[in-house]
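See the structures that follow.
One chain, chain A, appears in both complexes that follow, with chain B as partner in the first and chain C in the second.
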Partner chain A sequence: MRPRVDLNLVARALRHLNDSAYFEDRLHQFTSHIVAAIQHVLDNPGVYDAAIEESFARTARSVQAYLAGSTSNETPYEVVYCLKDALTRWKLGGAAIVTFMTEGHNFHLQPLDPWDFIEKSIANYDSKGFKLVVAMIGVPDLYAHKPVFCVPLFHELGHFVDIGRYNITVTSLALNQNLVAAPGYNPQTEYFHRLEHFADLFAACFVGRSSVAALEAIAGAAAASQSHPSTVQRVAVVEAFLAGRNHPVVDLFQAALKRLQLPELKIVFETVDVTPDFDDARTFTPKNIEQVYGMFDSAWSYLFTAIDQNRNPWALPVRKDADVESLTNDLTEKSIRNFAIRQGWNAATSGP
Partner chain B sequence: MLAATTLDGDQNPTPFVVALRILSNNRSLPEKLSAYLTDVFTQALQVLADPESITPQTLPEAIKLAVDLRESASLRDALASAGTDTISAKVAQEILTSERRFAAPR
Partner chain C sequence: MPLLQAHEIKRRLALTDQDRLFLDPLLDVGQIGEVSIDLRVGPDFLVSVLTRKPAIDVSPPDRRDIASYFRMTRREVGDRFVLYPGQIVLAASLEYVALPRSLYADIITRSSYSRLGVHLNTMIQPGFRGCIPLELVNHGNNPIEIVVGSRVVQMRLFDLPVSSAYQSGTTNRKYLGNVRPAVSRAQDDKDLAVLDRIRRTNP
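Entry: the complex of A and B
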């Protein structure tokens, strides 16, 4: 479709979205400002180069799709609660997270920054100082309310912190050309492989080994490709990191992070065991957010150990894997929600 | 994406890419985009000369371009002869081609 036609359609869809009661307030503001920028371009035909209009239309279409996904009640609120905390640890506490429902195992990041584009390319538009960093993440709808299966979102958040904000991987390339993607050097493959290693390590800081356990479940036998290292290699890097062993890939990133004055990669989660509570069909009560992160790995182990060992912790008359999956995810989701409610209550009642 | 996928297409239209597209079509840049592109080129040459000069304020596009310049003698020569204020359509296209390696969907 022609860019200006698309921009008109996107603006109309965004105005409709902005009537949604499901948005948080700053997403309403974000949407209003995007619509205003689109309207500015539409009101000024011939002012902006065709390449600018075409790219802006493409950016606007993506933004609209991700905002649309964030109005429904399918958004994985409990996991997003954790992701927002993770962002604050990387100096991105003001960022918003919007989600787009996908199919299959399609967890992904959309590395677009609409405000950066508008500021630099739509020169005559006055944003009145508004700027909001937005992480646009794809979540399979099948797993939206299955927090144990949403651990890949931490990997995607790692891509956002890297590609979307700080360009840690590309800085590591500038500082050090040592090969990660052996054998044979291909600059593009080297870059892509490092991206995946960084995102894996980022996720492991928060959700421990469950980050690569999810990868093993989805792509356990995957060999190295142009875009991704082999699963075996990715698991080895993460396991070395979690065990506190030196690893050249980890060192590459730590050097880049130091150069960019960013936090180092370090374990955030606290190891917990959900088994006693989950066996009693009770929610787990984390003492702090670090234990919330620790729940993901423990709940993952709980779920798949129960399935693999044919456990029947709730003495169901007929034991089914589906019941184990459903109850484990429900208990995990409610445990996080209870924690979030307690934190909100404490914050509201401990004022000055 | 978490698992492997095919690499195709430029799915991330950044201001840097847009500026290069405009130049590669022999059109002139708006003032703001032109100033930004000059900053990218200037910083890229600094990073190329001394990667330790990277700071949190360094433009990400400059670091990417420095990596490209390090690996391509022809690109280095083209940019050096053109200067940082203006580049030809041919050089813009060459940089765009190099930039594609950073543009895969994740």
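Entry: the complex of A and C
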């Protein structure tokens, strides 16, 4: 529809959404400010270019979809808990994560920063100092309660840290222009391939090899394209990193991160083995958040080893892959949730 | 069938072998009473809703999925959930419980909540794995705010003279390893088909 009509509709939908009790407080404030900014544009016809109104309508529609997704009760809360911790380690502890449940099989990051747009384009809107960085991530609704299958979210978070905040890949291009997309240098391909390598490495820091195991499952035979390196190339970079071997791509990003005074890429997860607990249909009890991250790789191996080897860990009278899948995901989800609950309880009961 | 007392409950919780009683998270050792363990309400709720169908039909063949009579909602620990008079709400314990094959459990409402009109009585089979299902009904005439994470029920444990296998028989247990509330699977009861055949052949 026309931008001003859409803006009005989006404002109405956001007001309705803001009555939801599912939001954290700052998302309520964020939504209120988006609505106020829209109202400001609607109350001041002719002040902003038609192109800006159109962009704003597009941005607002997107924000509304993601915020609506975050109130759907289908958010993968336990994975988001881990993603928030990961952001804190990258000096982005103040950022909020909103998830949009998609119908397809693809995870994605919405690269636009709505608040950045408002600050730059809706210049006369007075936000009274409010600012919130929001990571908007798309999750297939099939995987809402499947944390093991949500490991690609760490890759998407890597994109957010890179494209959305720090321009790490852009910085790396200033250090070395032709490294990954040979032969036949193409600046755009080089840039796109590096984005993927960085996000892969970022994910591997937290969820280990499961990050590329997921990639192999989704696109095992994928050859290099304009936008993506081949899966073989991507796996090789991650495996070198996890093994502690030197690799020019890893070294390049470490140099870029150093220049930006950001944390280096390093393994965060602690290796654990969920097998003894999961074989007894019990939750795993991580001792620290690093072990929570370690669970993803272990649970991934557990699940697919059980399927590939036709294991029947719980001596089910009728063994089905579907039961192995659902119980492994449920035990993983509950193990993470229990860790978060214990952490919250300990924080609330310690100190004065 | 001796009822387990506090010292035995603690001893079982500390074991690592097949007689181990597993409960995660046990946030406060004070949950262990003289002859029971208090359990907390978890964050997920399946709330019953009215539909255009006049009744929940569990019999074949023209049945509608029981899940369609419930809607899932989620709260965080410490949030409130309002339990309305006469409404059935399916919840699950915050704790994931694994019973050894030699222990049977029953779940009853703590007296503080019984006095508010919330009554519940569930039996848990030896060898059970999962969050304990809590079928909450408010029998009073005032809505009640339940705090997620609060101790609403208690679990009594009984030692069996002979161990019992949870996974026995030819079909899988319906609720193994549930970590969130699950709707009734009464529709899966195989004898419903037999009963339906009897009904059809009756003159």
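Just so it is clear, the second predicted complex is superposed on the first by the 351 of 352 C-alpha atoms of A that agree within 3 Å, B and C clash if a C-alpha of one lies under 4 Å from a C-alpha of the other, contacts with A are read in each partner's own complex, and residues count from 1 in each chain.
One rule holds in what follows: a contact is a pair of C-beta atoms (placed from the backbone, for glycine too) under 8 Å apart; a residue touches a chain by one contact, two chains touch by 3 or more.
This structure is a prediction, so every number in the text was calculated from the model and none was measured.
Peer 1: Could you check whether chain B and chain C clash or fit when both are placed on chain A?
Peer 2: They fit side by side.
Peer 1: Between chain B (first) and chain C (second), which does A:Ala221 come into contact with in this model arrangement: first, second, both, or neither?
Peer 2: Touch partners of A:Ala221: none, neither chain B nor chain C.
Peer 1: Could you say whether A:Asn338 touches chain B, chain C, both of them, or neither, answering first, second, both or neither?
Peer 2: second
Peer 1: Which chain, chain B or chain C, is in touch with more residues of chain A?
Peer 2: Looking at chain B versus chain C, the one contacting more residues of chain A is B.
Peer 1: Pick one for A:Leu195: touches chain B only (first), chain C only (second), both, or neither.
Peer 2: first
Peer 1: Which partner chains sit in contact with A:Asp116 here, chain B, chain C, both or neither? Use first/second/both/neither.
Peer 2: A:Asp116 contacts chain B only, not chain C.
Peer 1: According to the stated criteria, A:Pro187 is in contact with first (chain B), second (chain C), both, or neither; which is it?
Peer 2: In the superposition, A:Pro187 touches chain B alone.
Peer 1: Angle at chain A, chain B to chain C, CA centres, as a multiple of 10°?
Peer 2: 160
Peer 1: Does the superposition put A:Val170 against chain B (first), chain C (second), both, or neither?
Peer 2: First partner only.
Peer 1: Rounded to a whole Å, what is the shortest Cα gap between chain B and chain C in the overlaid structures?
Peer 2: 28
Peer 1: Applying the document's contact rule, which stretches of chain B touch chain A when the two form their complex?
Peer 2: 1-7, 12-15, 17-18, 21-22, 25, 27, 30-33, 36, 47, 51-52, 54-56, 60, 63-64, 66-67, 70-71, 101-102, 104-106
Peer 1: What does chain A use to touch chain C in their complex?
Peer 2: My answer: residues 22, 73, 77, 145, 280-283, 285, 314-318, 323, 327, 330-331, 333-334, 337-338, 341-342, 344-345.
Peer 1: Taking the touch rule as given, give the residues of chain C at its contact with chain A in the complex, in rising order.
Peer 2: Within the complex, chain C touches chain A at residues 22, 24-25, 27, 43, 72-74, 77, 94, 96, 98, 129-131, 149, 167-172, 176-180.
Peer 1: Using the touch definition from the top, list the residues of chain A that touch chain B in their complex.
Peer 2: The touching residues are 48-49, 51-52, 54-56, 58-59, 105-109, 111-113, 116-117, 120-121, 123, 152, 155-156, 159, 163, 166-167, 170-171, 173-175, 177, 187-188, 191-192, 195, 214-215, 218-219, 222, 225-228, 259-262.
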